[in-house]
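Structures are listed in the sections that come next.
Below, chain A partners chain B and then partners chain C, in two separate complexes.
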Partner chain A sequence: MAEPFRIGDRVRASRVDPPHHTRLPRYARGAAGTVTALLGSHPLPDRRSRRLAADPEQVYAVAFTAGELFGEGDHTVTIDLWQSYLQPAAAEPSGAAAATGDGQ
Partner chain B sequence: MGRINDVGGMQGFPAVWREQDEPPFHADWEAHVFGINSALISRGVYNLDEFRDAVERIPAQEYLAASYYERWLRAITMLLAERGIVTEEDLADG
Partner chain C sequence: MSADHTGPAAPVAARVRRLEGMLEERGLLDAELLDRALGEFLARASPANGARVVARAWLDEGFRERLLADANAVLPELGLSMGGGLQEQQLKVVQNTEDSHNVIVCTLCSCYPLALLGPSPTWYKSEAYRSRVVRDPRSVLREFGFELEPGVAISVWDASAETRYMVLPRRPSGTEDLGEPELAALVTRNGLIGVAPV
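Right after this comes the complex of A and B.
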């Protein structure tokens, strides 16, 4: 599990396209955003939906610009994202197994 | 493999229409579906994430043609059949 993020940190969402339930929407895959709030700790739905053990992990509100997500627009979209979906924005977006919880 | 529910940002759908003073349910059967699902989750037959997963597994054509609570009912029956709690025959008998 990666180091926890803080408010203001730049993060990048996973590019993984999992063959199961996930709370990371397709349109945000691989996109970079900013942590705007800490939302407590919750089990990863990707694992819980498959009846796999899922310890609570940090969930963040992450704000993305419409330009980053859709290539145009002036608004932002804020998505509740689990730690496993995120890595530091400076890092290369990867297909790491962490996003599906398979690496735990 | 994206699932049919995951259409955020996709073009081509009609405008979102918001009903004025929308009631919680539009028919009694919808309230029954809601109650059955709450009971099954609180009894631990399946959890909320398994339920959401089941909604997302509805075949795309059915998913797009179904109303909100029709999807719920389809997901509930899918989960109960997969767990061997009901059979296709039970469902056909009503």
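Right after this comes the complex of A and C.
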């Protein structure tokens, strides 16, 4: 399991478009944002929906600027994302393992 | 973007009906019990609940601070809870101020604090609202007849996981003399979603 993030950390959402159910909205893929809250631990939907073992994992509220998501706009969008959807913003975009939760 | 969730023949609804039928056939589910549980939950689920929370928060600063810090902990003070489903859901209340405005959406389906807001409006589940409010909230609010001042910062909350969101609207001016029930009567479901002022 990846190192947990803290409030204020810059994170990047996975770019992977998985062939199965996910709760990572498409419009957030590849975008960088800031962790604003810890929202408890819940089983990863990507695994649970495939009836795979899914231990609870940390969910974060992540605030994205409209500019980062859409290239324009002055609002922010906060999206609630599981640990597996995220990596440190400075890192390279993630591969399939992180996005699907298969890398556990 | 997942499919439209407003159609009467939505595939998920058909699957749920089929599943329910099979569970009943096998004696695993009591249809009456299910209907009663749903009926009781829906009878309690109403925007009047969210309105009571807002009115109390307008009148009682201590309550408001505790509500914003941990909404689940203070709901029982009004006889309310987020525990109507299989598990208690976390509620996060986001506060509008003079220079910041909040609006809620679930871009993936139609997540929403049902117990406090009542059944969601059809437009909340529409693809148009779900896709456009994250992209251009100011224009969407304008279409609801809600013109925000240019300097007001907008925060959109996409309920994409297990937390549910509710907006704490600004208290209208000229309501200084009103009591809690009168204030609650001013609060609308659209106000609690953030697509209308109160």
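Throughout what follows, the second predicted complex is superposed on the first by the 103 of 104 C-alpha atoms of A that agree within 3 Å, B and C clash if a C-alpha of one lies under 4 Å from a C-alpha of the other, contacts with A are read in each partner's own complex, and residues count from 1 in each chain.
By our rule, a residue touches a chain if its C-beta (ideal position, glycine included) is under 8 Å from a C-beta of that chain, and two chains touch if they have at least 3 such contacts.
Only a predicted model underlies this, so the values are computations on that prediction, with no experimental measurement involved.
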item	value
Room on chain A for both chain B and chain C (clash or fit)	clash
Which of chain B and chain C A:Tyr27 touches, first, second, both or neither	both
Chain B versus chain C as contact partner of A:Pro19, first or second or both or neither	first
Touched partner set for A:Arg51, first chain B, second chain C, both or neither	first
Touched partner set for A:Thr78, first chain B, second chain C, both or neither	second
Contacts of A:Arg6 with chain B and chain C, given as first, second, both or neither	neither
Contacts of A:Leu69 with chain B and chain C, given as first, second, both or neither	both
Winner by number of chain A residues touched, once chain B and chain C are compared	C
Shared contact residues on chain A - chain B and chain C	25-27, 69-70
Chain C to chain A touching residues, read off their complex	1, 90, 92, 107-108, 134-138, 153-163
Chain B - residues contacting chain A, complex	1-2, 6, 8-9, 47, 49-50, 52-53, 56
Complex interface listing, chain A residues touching chain C	23-27, 37, 39-40, 42, 59, 61, 63, 66, 69-70, 73-82
Residue ranges of chain A in contact with chain B within the complex	17, 19-21, 25-27, 45, 48-51, 69-70
